[in-house]
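Got a structure for you, questions after.
Just so it is clear, A, B, C and D label the chains in written order, and each chain counts residues from 1 on its own.
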């Protein structure tokens, strides 16, 4: 386990994510550029979607203690190449800890899990705020000394509540919103503000059992496995790019409440993996899918 | 592995399957009756659906070499009780090998797997016939010395083809029809003749991706796991009681053809389990679900 | 999720666990006795080990609100039968919440998980004390308002430390000890005081990688799956009856620290399942194995 | 599914596997060289073992229909670089179908599975011969029109039998030996002739239950999951580099024969995956481990 202090002491790393139209020589040119600059590549991974003619790449290299210096040098050389090859790209260093907002409602298993992982150093982020339309999480927020904002939501006050949430996220420079069993549907306005930056967990194996009460639906259908799915939120309910899924075996003996209990473990796992991979800049979205570099 | 000859030599066993309205004393009365008759119970399992007020039981006992004799004795005592308690029940002995028809089309992985398992003694049945609308399986049928019937199907000849199939099944006393990737949809007329006795494999994690080309649909949706489902066929497409499901992890690297290849292993496994459990009289259907006693 | 208050309000249930030499009529006689007494059986499950000639049974029935009354009535009739049939048995009601002691060292993921589950009503027990040879857990204990005892252990002070632990357990009427990544080996003296009542989690797929640093050993061997095992503690290290195991896929990309991180999720899951099953009286030990009724 | 004829018609691909001491610029130099030659890279994957300072790479590129021509051109440029960077490497084209010998004894589930997969086009190889110390497989070999050699083995005749086997393998230009449940232990002499080119399946989750009768050992230990492992054979029994492992859940209800039956499905899957990955040149051995590029 990497403790927060170990992270602070560790030499920093740069991560570059690229997607662009596929063509010959992409790996050679990016790797060549890094080699010319003396970069020590620690991990490199690429993927080609031959059907769509797309190329994706993730490169991670050591910053050798010269933190904050080699990135601009790299960019000076990289930007012309990126423009020429029509690359969409993002670069960051692993020490830049993204600022995260956690949303939840009355069920606390996912948020308790995320908070424990963050405090144990498993999630390289700063949790700026916990926002809930319920008060159950307040004590937990206090234990972790994280700011808590209670923002109730009713159909009548939804617009106002979201405005308040968005203002808070902006004020706190939040880059990633995690819906840890937040039981409200965000409006298109909200979603549009955080493209590929809102992660939700849905308690079914999507696309099966979209919408409310998926465990009840799974029980009614008599499935033999239940699942959970973490995904980026888009304007279509439960339809965004899937990041991770997992399943557990059930039997005729399991009632809805057993499914709910088994499912909690799945939800925790698929959500925490999605958050960790996002924070480690392992995920690229394209169309309605994700590339997850492992 | 139990070889066919080992089965022949083994002492026989009776299996009783019961479902009825739940009430006090059901286990006591059935077990008591068997005890009075000196039966040696080898396995007993029961299940209550508290929500629907239903009771399910499977009891397996030794026939002690007095094959064919103790069943009538048992029934003389059991039938009045069963009538009184409104039981639906079926009794059979494990030596009564059900007669099975295998249907397939051009893909042979499932049927090749079932034939290998049957020949290795894993499936306690007699395969009476292989029926296909293609000729690819003919050589395999010959290798296993199983009768092969080529019955082509077109929209225009469907009714006639099914009539021919049904006549054959009746002639051969077939009790179980297994659709081992048979790519034709059976009519309601056919399905009605074999209630809870037609097992199909669908190459998705139902209820996701019902209908044609589920691997293409799964690829398009960007799921991270693919699945396969075996189920009893009802008149609604891909909607019958689910018997078994399994999944395999995929990634962004997997193209549709990779999903198809991974999926073949899942299909083989969920179909062969379903057939085996059916033959061992482990499955009870109720509503649109199954109880599978393990 | 069943909240603690829901448990308090729920009608109580009796659970009877039996193991004895197998013979005809055991199910009939136990079920018959309960039927005579008007018990409403909610779940009944039995298992026969044909090889060893042993019979195991778990019966759960409703106490109909007449809490504390029907148990003695039942026992008056049951005890002579049990003696006659050489049964070992234990009876309890689900409202009798066992008193549990949690032991841990510096790694908190397992204990944090158990505490969250207990507070969410997933574990029907009263956590009487947390004992650790480290102070890391102190804050967490305070948050859950559970008594914390810091008992350091060195080779020189082991005997004394265990004496102190045992005195505490006795004083607090502890019935179950859970070693939630407690990194000290208990002496035979300690283990003998809690037969089949100390649950440990080992961070490997036992019997592979017994002893210290199993993730390092797994990495060195180049396995493709890592595992975790929960088991009852006996006097032989990592050799007690296995309760639950689970595995996760790894690849050549995973370093030891990745195995450690992946493994934490496995450890949490196999340990929490074992504790829950023990509390629900689903486990019977025999020889060096467990029967886990689901 | 790619049929054999589809493979024949498909444009060919080159696969280069490299391992060497890690240093800066390796990706850049290999990718740069391919780019200069106009190669269209279809897949590239690399791995660094930071602990051991090793670099591994697999590159797959299109041969554009100029089959057999671009490889020498590539090598003329690559070989000096490879020498300079101390690379161990191998290059092949996917149309070069390796010649394979299958060994088995009396259990046919693995070999039947491999033969079905080969005939269905899942395994890009030519099966040159089936060798067995039993005659059970003879009929199956005939069905697939593959040469069958019956070579009985006793302790007294082992040396002679192996000499006969080795002569046959040499005569038939066999490059890969697959032990599909071959129940004889190969001598060091045999193993030394096919380094990293003999694949075995062991019916346990190695390193648990090395040696004979692993299902019996697993049953005796009371494990809750059983496993199977495919690995390269080395001179130490069941100790070679692991290629693939998988597990299945069992319960107290499962007797040894149930473990054997469940295990057969695991054995088929882990063995067929290992063979496929080997044939697709996805595996690199180092130390006693494998890198498996997916």
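One rule holds in what follows: a residue touches a chain if its C-beta (ideal position, glycine included) is under 8 Å from a C-beta of that chain, and two chains touch if they have at least 3 such contacts.
These numbers come from a predicted model, not from an experiment.
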Remotest chain, chain C as reference, centres from CA atoms: D
Between C-D and A-D, the pair joined by more C-beta contacts: C-D
Distance between chain centroids, defined by C-alpha means - chain A, chain D (Å): 37
Chain C and chain D: spacing of chain centres that average the CA atoms, whole Å: 42
Chain D residues counted as touching two or more neighbouring chains: 50, 251, 253, 294
List of chain A residues in touch with chain C within their complex: 1-2, 107-109, 112-113, 116, 120, 122, 139, 143, 251, 253, 257, 260-261, 264-265, 269, 294
Contact set on chain C toward chain D in their complex: 47, 49-51, 205-209, 221-225, 227, 241-247, 251-253, 255, 287-292, 294
Of all residues in chain C, those that touch chain B in their complex: 24-25, 27-29, 31-32, 34-35, 38-46, 48, 50, 249
